[in-house]
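Both complexes below contain chain A, partnered by chain B and then by chain C.
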Partner chain A sequence: MTQTLTRPATVSPPPPAPPRRKKHRDPSRYFRLHLPLVLYLLFTLIPFYWMLVFAFRPTGETALVPWPITFEHFDTVWNGIGFGLFFQNSLIIGVGTLVVVTVFALMGGYALARFKFRGQRVFLLALLCTQFIPGAMMLIPLFVIFKSAGLLNSLTGLIIADTAFQLPLALILMSGFVRNVPVELEEAAMVDGCSRLRAFFAVTLPQLRPALVAVGSFAFIGAWNNFLFALMFASRQDKFTLPVGLSYALGEFNTDFGALAAGGVVAAVPVVLVFAVVQRFLVQGLSAGAVKG
Partner chain B sequence: MRRLLVALALVLSACSAGGQDGPATITFWDNNGGPGRTPIYEELIKRFEAANPNIKVEYVGIPSSSVQQKYDTAIAGGSTPDVGGVTTSYLAHLVGQDALEPLDERVESGPLKGKLLPGLLETVRQTAMDGKLYAAPASGNLDVIWYRSDLFAEQKIAAPETWDQLIDAAAKLTKPADNKYGFTIRGGAGSIFQLLAEAYSYSGVDKFYDGGKSTVADPRNAELVSKIAGIYKKSTPEADVNNSYTQMVAQFTGGTVAMMHHNLGSTADVMKALGAQKVSAMPLPKGPSGKRTVVPNPTDGFAVFKGSKNPDAAWKFVEFLTSAESNGYWNEKVGQIPANTDVRSAEWIQKNAAVKMALGVLEDPATVLVPAPVYLPEYSSITKTDTEPLYQKVLLGQMSAQEFLDQLAGKLTTAQQEWEKRK
Partner chain C sequence: MRTRTWAPYALIAPTLVLMAVFLVYPIASVGWFSLRQHTVTQPWKNGFIGFENFRRMLFDDPLFWQSLMFSAKWVVVEVGLQLVLGLCLALIVNETFVGRAMARSLVFSPWAVSGVLTTGIWILLYNPSTGIFQQLAQWGIGDPGTSVLGDPATVFPATVVTELWRGVPFFAILLLADLQTIPNDLYEAASVDGAGRWRRFISVTLPHLRDAIVLSTLLRAVWEFNNVDLIYTLTGGGPANQTTTLPLYVARKAVDSHDFGYGSALTMAGFAILLFFSILYLRLSKFGSRA
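Here is the complex of A and B:
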């Protein structure tokens, strides 16, 4: 605010444009920048290439370019293993977890960032500590609790389990994002007559869009990829999810690489699509959180 | 707030309340679920339900890599299935948790009496401390050498009968410049089980324990281990040191190697990729003793869980699965050795050269079975976590074969002595 006031009233001439870059760039730039980037890109993309080759290549072929392509492996995973239903279950669990985690993280993160309460630091520390506990260790206690609550064999149960494990990190991330939004904005809105809730929805929430995307996509992907809970808390074929379906391709005596790769493609497509759509927000959101979180 | 919580609880319970199962619904967990086996079970369940309209079977395919963890969680949480597929490699673990019903009386008093292969019954009984039968054996497996009969014919090499012949053949079939190798070694996950089968087939040592001491470190066993380590990188790919069965099978079906030691479990993969014209199975070669000593593979079977509310219906299903008709159907599809002796005369066995050969080996009176002590609670950790890295050292020339086997034998002896004490 004060800055605006102290600015000189007269309009100063625009600053001189920066000198244009010379056309012939420094050749070492290619070695310093492009070469490492290209190598890194190859390193990242080769597993994807490998997956596509196996997914579209007939069994027993060794060609490096799958041609003519075959869809037999997709037929195996979709019709043989029943990926259709697993995909649907994964989607319900992923979206469910995303919604619940985002809503709770928003509320909790706001509280952590904006209010001071007794035991706040201990609470934050406890949240962090939960990250040290591997899911496998909680398996049997959770199983017993879920059994007595009647939550075994249900997608709701899986959403709750995934939420419980995603929420701490989401809360920590979200409180960092909320802290990044100047509290003065909210105060200004409240001076203008907004209630705290209204100020939150009108002023803070729009600023948190990248944060919602970042937290939501982490929650979605975490739930989407969770194998352990899906296998352990469900004992009915129609409640399993994609990661369980994928591991069907790894048998006791034989591994169906084609089916594994085709299943991998099916499982990866939604995640890649999610990232393609949200990556703009994600980069922005993560860097925003990184500074102050 | 309270109203909200009550509403939430109601919604949750409504979402999760599974319909009350009728008294005659039983659940069956397949311990190796997947596109290869699930359809076979679905067909068998359909037949069972048609014959027993008052029993409904709910099939659940468990991925084999996680089945032990799934059983452990279910036992700890008190949510076991009625019937579960099991193999002797972890049966002792389930028996130790008091999760399974003994089946001796049921077998003896029903149509399965005298119909199950005695060798397989024995391997199942051995896994339990009390010597009872905690699973009805359904199929046996045998370690074999899969070999490219077409390449052998091309080079005019006869199928090897001794390990020395195999090592010679491997050298002849190796052309590193063309990325072709004679043999592949399982150097990574699961290496020790296969190595022991190789060592005993060579040495002819016919007992795993002699006077309470493990015979693993017998110098004749060490001789074979040195021989195998000697062909590493010469007649095998260098990457073999990290091979689990998946890499071996991929190398063999991809055409890189001419011989592979695995078991009948890879029949479907091998036949699909190469076809019966190009590939055959032979038993593990013999050693200088000329004796046929076989370390039997884990036996697959079906167990009835103690937690079952319908143990009679569960047993009926097990009995159906191990009956001659179902057992034959199942083993024909997966290419393994049927446990029900009535299946032996079935037409498909005459056509399936690998299963016929395996049955021949198991039923040959000259064959001596040397069962590995899979009943030891530490067996898995000793042979996997403790010893697999040591075998890699042997392959890489950092440890002698004898030193390696001495260490393994020491651990197996101690574990056996502790087990005897607890017995």
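Here is the complex of A and C:
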């Protein structure tokens, strides 16, 4: 019976693609669909394009399509201002938070979805309540905690803070995902003599792949983008993250738009790329029922 | 499955510890500070003063009311527009057309961009000397040297548009995910019954989306209420405190004037307001009552 473990039956086949409508020649589609889409694309892309133009255009020029392009601004921010180091810090924090949040959310989400235990409702309520806690307003007590724990100016400290604030929502999402994997599969594996742990790894975990991608990317993007904690708890320049570096670029180099734009490109490229890859999983995963909790 | 009851507790233990240390304890300590006079620069005056901070907040502090009013306006305008545009966008990219996957990736991408980076991008776009309005002026549209962030008349809409750019994709993603769970038979049945496109939207799509809409607007409202990154870096609360939200005011009290006691009272007020309106909203919208 090990076959059922190594190759779990596909329980929820992807819904068939909606049949292509015959109305493709319907002229009203241009007004309902194409025109608003193009307008929205312009709204989305013009700001990005504006940043790219500034980042690659030599100082003093005003061409809307810069040619030849220059990399002088990237040299300024990466080597001169230290964005190379900020990039590294942000990457460590992003990946660290991704790993910790995903593992803890998987554990807690599994507990919520598969067990009935005393205090479950209180726990769920507490998770929801945390969503109302304003991070910005918690800075003072958090600063005191971080100082006494020796976590100021430490990347570990920032990973912990980001994890604490992202975990509750990630856990709620993950419990929805786990609930969506039929428990019967796991029970069948356990009847066949698997331990619960083994059943989980062999049967449930493979089905959770889109969920892991969705929750993990949420965590990475959240940590990569976090500004307030990084600003308050890591004031030494060698611990700066990209958003903090950018905020200084906004203030100090207010006239050097080329450097600001190049710094922006450095900060944007990883998350936008990650996002472009995972957004499909994100939509799939969320529509698998997590939105309804 | 009540076997081995210690297992769930072991599994949620890391979450509980993190929540206790970084969420519950700070809230409790803010609650304690809010009843004290506590100014870092004048420690000899520190001590328990009961509800004096709250009295001062309610009766002697016009900036509290002003920032609260602005926060309310910000949340209502921002969440309302994000919902409407996000729903439209979700409906559009739910249709079948050539290049749909590409279009989705592009229109959703600002969601991944941080508040500070959003500010950076839009400062480049808005700046009076080399921004988009200068470019438009060169083409004969508008006046040269327009500074939308410096002019009290335009700073609010300019800030709203900036946050929309980043916020609409959030709604579009969540609503698109829910749109995809609507069974096609429902639409077909409605079509057979003679329902037009608008009718199908009102009778099939909207009721199905209700819980997703309630949940996403609530999460977003809380988030926009607490949003500091963007406003702080874009306008700094100015000009003349016009765009100061309650969290921004708190941060300024705490960080600039080191008035921890009063800042904590403001925090408790913000927390209480959020909790009150969230419960009210969930009750009114009958969340989760869908059969």
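As a convention for this text, the second predicted complex is superposed on the first by the 259 of 293 C-alpha atoms of A that agree within 3 Å, B and C clash if a C-alpha of one lies under 4 Å from a C-alpha of the other, contacts with A are read in each partner's own complex, and residues count from 1 in each chain.
Basically, a contact is a pair of C-beta atoms (placed from the backbone, for glycine too) under 8 Å apart; a residue touches a chain by one contact, two chains touch by 3 or more.
All of these numbers come straight from a predicted model, not from anything done at the bench.
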When chain B and chain C are modelled together on chain A, clash or fit: clash
First, second, both or neither for A:Pro182, with chain B first and chain C second: neither
Partner chain in contact with A:Arg114 - chain B first, chain C second, else both or neither: second
Residue contacts with chain A in the superposition, chain B compared against chain C: C
Which of chain B and chain C A:Gly84 touches, first, second, both or neither: neither
Contacts of A:Pro58 with chain B and chain C, given as first, second, both or neither: neither
Partner chain(s) touched by A:Leu151 [first = chain B, second = chain C, both, neither]: first
145-153, 163-171, 181-189 or 199-207: stretch of chain C that collides with chain B: 145-153
Overlap of the chain B and chain C footprints on chain A, listed as residue numbers: 62, 139-140, 144, 160, 247, 249-250, 257
Residue ranges of chain A touching chain C (in the complex, touch as defined): 15, 18, 20-21, 32-34, 36-37, 40-41, 43-48, 50-51, 54, 62, 64, 104, 107-108, 110-112, 114-118, 120, 123, 126-127, 129-142, 144-145, 160-161, 163-165, 167-168, 171, 196, 221, 224-228, 243, 246-247, 249-250, 257, 260-261, 263-264, 267-268, 271-272, 274-276, 279-280, 282-287, 289, 291-293
Residues on chain B engaged by chain A in the complex (per definition of touch): 12-13, 15-18, 27, 29, 31-39, 58-66, 69-70, 73-74, 76-79, 81, 87, 245-246, 249-250, 253-255, 262-263, 265-266, 268-269, 272-274
Interface residues, chain C side, partner chain A - complex: 1-2, 5, 7-9, 11-12, 14-16, 18-19, 21-23, 25-27, 29-30, 33, 88-89, 92-93, 95-97, 101, 103-117, 119-125, 127, 130-132, 135, 165, 173-174, 176-181, 184, 211-212, 215-216, 219, 222, 225-226, 228-229, 233, 247-248, 250-251, 254-255, 260, 263-264, 266-267, 270-271, 274-275, 278, 288
Chain B-touching residues of chain A, taken from the complex the two chains share: 59-60, 62, 76-77, 80-81, 139-140, 143-144, 147, 149-157, 160, 231-232, 235-237, 244, 247-257, 259
